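Scrolling down, you'll hit the structures one after another.
In what follows, chain A forms one complex with chain B and a second complex with chain C.
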Partner chain A sequence: MSVLPYVVAAWLVLVGLYGIVTSRNLLHLVVCLAVMQSSSYLLLLSIGYVKDAEPPIFADVPPTTPAVDPIVQALTLTDVVVGTTVTALLLALAVQTHKRYGTLDPEELRPKRPQA
Partner chain B sequence: MADLSPLAVAIPLVVAAVLVGAAVVLPRPVVDAASLAAAIGVAVLCALVLSDVADGRVVYWFGGWTPRHGAAVGVSFAIDEIGAGLALFVALTFVGAFMFSWRYFVVVGPFFHALMLVFLAAMVGFSFTGDLFNLFVFFELLSVSAYALVAYDIEEEGPIQGALNFAVTNSVGAFFILSGIALLYGRTGALNMAQIGQTLAGSHVDGLVVISFTLITVGFLTKAAVVPFHFWLADAYSVAPTPVCMLLSAAMSELGLYALARVYWTVFSGALGGGEESLQVVFISAGVLTALVGALLCFGARHLKRMLAFATIAQIGLFLTGLGLLDSGAMAGAALLVAADGCLKASLFVSVGALQHLFQSVDELRLRGRARRLRVTGPLVVLCALGVASLPPFGPWLGKALIEEAAGDAGYGWLPVVFVVTSALTSGALLRAAGRVFVGWGPRTDPIAAGAAAAPDEVDPELQYRHDRVPSTMTTPAVALAVAGLALGLVPGMREAALDAGAGFVDRSAYAAAVLHGVTGLQAEAETIQPGVGSVATGLLTVALALGLAAVALFRERAPGAVDRAETLAAGVLGRLRALQTSHAGDYVTWLTLGTATLAAIFALTLTS
Partner chain C sequence: MNARLRLRVFAVAGTALFAALVWGFVGLPDFGSFDGAYGQLLNRLSVPDRASTDVVTTVNFDFREFDTLGEEFILFAAVVGVASLLRTLRGEHVATPDDDVPGRRVPETSLVVGVTGTLLVAPTVLIGIYVVLHGHQTPGGGFQGGVILATGLLLTYLTADYMTMRRVGPTALIEAAEGAGAAGFVLIAIGGLLFAGSFFENFLPIETAGQLISAGTIPLGNLAVGLAVTGGFAFMLSEFLQQTLIKRRREVR
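Moving on, here comes the complex of A and B:
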């Protein structure tokens, strides 16, 4: 099993986090969050991947044939749905922010005084 | 009866779908009645399940996919007393919230009710589930409905900002949880919590287990708003509609801690049990820090919803120290404290909502003396505040007493001091606000609250109506919740039942036997803890301190000079703490990353074997 997918997954987390922390535009921030979430798709799929194996459909092959793990694709699919929901909601909030404040820059949205 | 548990999740989801589908034709009273009925139905189901689990855990396998030869293939609900009790508490809070929103919103579409019902279903499922991935799905479902509910007044400025910070930080947390679950699945090939726990138990603790434990812990601590993952909470809770606040503050944060405890005891305790002492130190330090930060900010607040939000953070810190003792007695105490304090906080939010309904403001200084004529709400707030200060023998006192006794046994004899300080500051702030708002005591300005954010005057068109009295749909839930929270300490047998539940909760092998082999009769020996004179004394001391703090804040002109110096010091600390509350998602995620790195380093150094 190659270690490359895990390295890429870790890289995606780091760039996503960096993007969120330094973002100057809410749309960019939401996309960075999506980038970070895509790391979990990669992580899940690489955990279930088996080299030289069949897809997990045993209609015309004997049940003992090596196959990739069918569970992780279900998990990934759920994760994609969840990620899309969050992204959609955040984008709606970004649109509303722009309507209300006329800017998408979190620095300009910073309240003048600390909010406590 | 076990077959009833999925209904408690299905019913609210179906009703929510019907409400949205038939949105055009349904008049408002039907929507209100249907959602209230659904919440009551869920509460009844949860009560039935709770009475059922008294004889042993209830395990329900979806689609009849029971384990074969001790290996779980299906997805299950695995319900014990704490899970069922939590679900019942959540459902009852929802009943109160739906009653309250009946008159709170002048205009409200069925979408609000539908979102609330989805929120309810997710919370109940979250308390019942025995499957790690299922836990994540319910976690996301309740998070997303909470983001949408916080942003419900979408035309306002505050809610957009609050919801945005809330959604960004919590999504990062949820992503961490999923990554942790994926790593565990890669190691064990299982998603059932009992199964993972069995596979991990006694195995070598390596980097992968430590990293997945760190990721899952951080995710749940973010939801629970433990320092330094807490910044989003005040932004979100202070802008959400009041019925939503009740649930966020009474139940949602607590669910984060519940999940942490559940996952620790069922999944990790077998593998990480050797590092128990360092885990205790980490969780208790985080809890103490959270409690003190929350309590100070609570005392320095003037925006009443923010005050309650910071009180929530302070309470979460206390709950975390209870869990962090990793002891069944402390677990029982924490569970009681969550239920009792949760009811009181929900009741306080209802009272604040009533003030908002009548006076279009939630600002302590602006409301000074304006609520004199509220003969029920005022005393009720004082009663809740005294409950929060753990007046013996009421609910919060009993919970804290159990935790304090367990802390003494575990060598943390100094923890009661933290409990006294935290509860006295929180309750003192509430009493001060009550004295100012309902009686008109105290000056018009407040040096402690000088730097605090003022509450904006309400411009919400939905609330722009003049009302002359508090409707009974608002007083009833406030009274009922307050009575429930206080009476929890008076119910005979409650202490023994809680200790029993705590003992079952921390018993990993009994949990695994019930889930994987269907053996439910195993019952761990419960501890016997009898709160002593010491606990009564700390309870009374807390009440006295709280009253003293409130009195000093209200009658400062007559206070001695030492108070001035203490005040300057407190104002300095508060200024620093407030400066961190930047309301900027990027800053909050920076703190989250720092916290994660620190936890990962500590766990890697102390837990690996």
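Moving on, here comes the complex of A and C:
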């Protein structure tokens, strides 16, 4: 039994979270969130893996060949799409933040009184 | 909160999170010995029942297609979100980089980047179309192929400039692709309702596995999603790149 994929998945969550906590730049923070999210891709794919099995593609193998679980792979595709959309929206928010506050450093962001 | 205190809080919270993760992972199946009956059932059903040799696509575009509808509209919502966040605000206007300092020219794209990029555009678009069309046979499908197609448009930005990219992929065309793709996907669902009795039910003959035209509505779904993803990604890339051209009046904060 190998536990390495699960160890790497846990490590990606923690290292991504560490990056978010210590981040001094919003773009860096968005990338750290993407690192955290990649943990869920790895976890899903690891769960569905079957030893000595083929990928769930039967284009050039008989349809009875043992194959890994296709559902977690389909879920991973959904996960990737969600990750991309979250990244896109956060990057757009970072652009707006830089426009309004002139900085991307979360430490320097302070509440600002609304202007007329 | 200063950096030291924050790290201490993280050390405690991170350790707790790690413990929770380990606790959860212990209950998972051993790596390589997953025994999910449902997934294996789909592996056996996909080829005889749907004539689709890529089971992941069969799951996304047939057995679980309703979820893909949600996924498609998450992307749609993100495109709308990016569009409204990055709209041209009061006090901003779009200008070319040449307008700022008279006489100053923006450096030309280097010859190597220009030639390589131009050579890559056609193969990239071809691969994108291939991946979209063969989603029911080999790894790929509308989402993957759509991203590759949008990359083709991005290559025109790399080789020339933003204005050229806008000429190659005008906003109206990109928006039409996004809208047509999203609407087409819903129409496929309604087609199932009308002709087969339930939402997203396959209503086309499934033909023989391995043929380009086979697997019923799966290639149609891939085509619709491919269009929507191409449009969506091209639109978001275009919106982000447009930000580099936005000029703001000094007094506007």
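Definition applied: the second predicted complex is superposed on the first by the 100 of 116 C-alpha atoms of A that agree within 3 Å, B and C clash if a C-alpha of one lies under 4 Å from a C-alpha of the other, contacts with A are read in each partner's own complex, and residues count from 1 in each chain.
In this section, contacts are C-beta pairs under 8 Å (C-beta built on N, C-alpha and C of every residue); 3 or more make two chains touch, one makes a residue touch a chain.
Everything numeric in this text was worked out from a predicted model, so none of it was measured.
When the shared chain is aligned, chain B comes close enough to touch A:29, but chain C does not. Of the two partner chains, chain C is the only one touched by A:5; chain B is not. In the superposed model, A:100 lies in contact with both chain B and chain C.
Between chain B and chain C, more residues of chain A are touched by C.
When the shared chain is aligned, chain B comes close enough to touch A:90, but chain C does not. Overlaid on A, the two complexes show chain B and chain C touching the same residues of chain A, namely 13, 17, 21-22, 47, 71-72, 78, 82, 85-86, 89, 93, 96, 100, 115.
Taken together, the chain C residues at the contact with chain A in this complex read 3, 6-7, 10, 14, 17-18, 21-22, 25, 28-34, 36, 38-40, 42-44, 46-48, 53-56, 58-60, 64, 67-68, 71, 74-75, 77-78, 81-82, 85-86, 89, 137-139, 143, 209-210, 236, 239-240, 243, 248, 253. Within the complex, the chain A residues that touch chain B are 13, 17, 20-23, 26, 29, 33, 36-37, 39-40, 43-44, 47, 71-72, 75, 78-79, 82, 85-86, 89-90, 93-94, 96-97, 100-101, 106-107, 109-111, 113-116. Chain B contributes residues 133, 137, 140, 144, 147-148, 151, 154-155, 157, 160-161, 163-164, 167-168, 171-172, 174-175, 178-179, 182-183, 185-186, 191, 234-235, 297, 300-301, 306, 310, 451-453, 574, 577-586, 589-590, 593 to its touches with chain A in the complex. The part of chain A that touches chain C in the complex is made up of residues 1-6, 9-10, 13-14, 17-18, 21-22, 46-51, 55-59, 63-64, 67-74, 77-78, 80-82, 84-86, 88-89, 91-93, 95-96, 99-100, 115.
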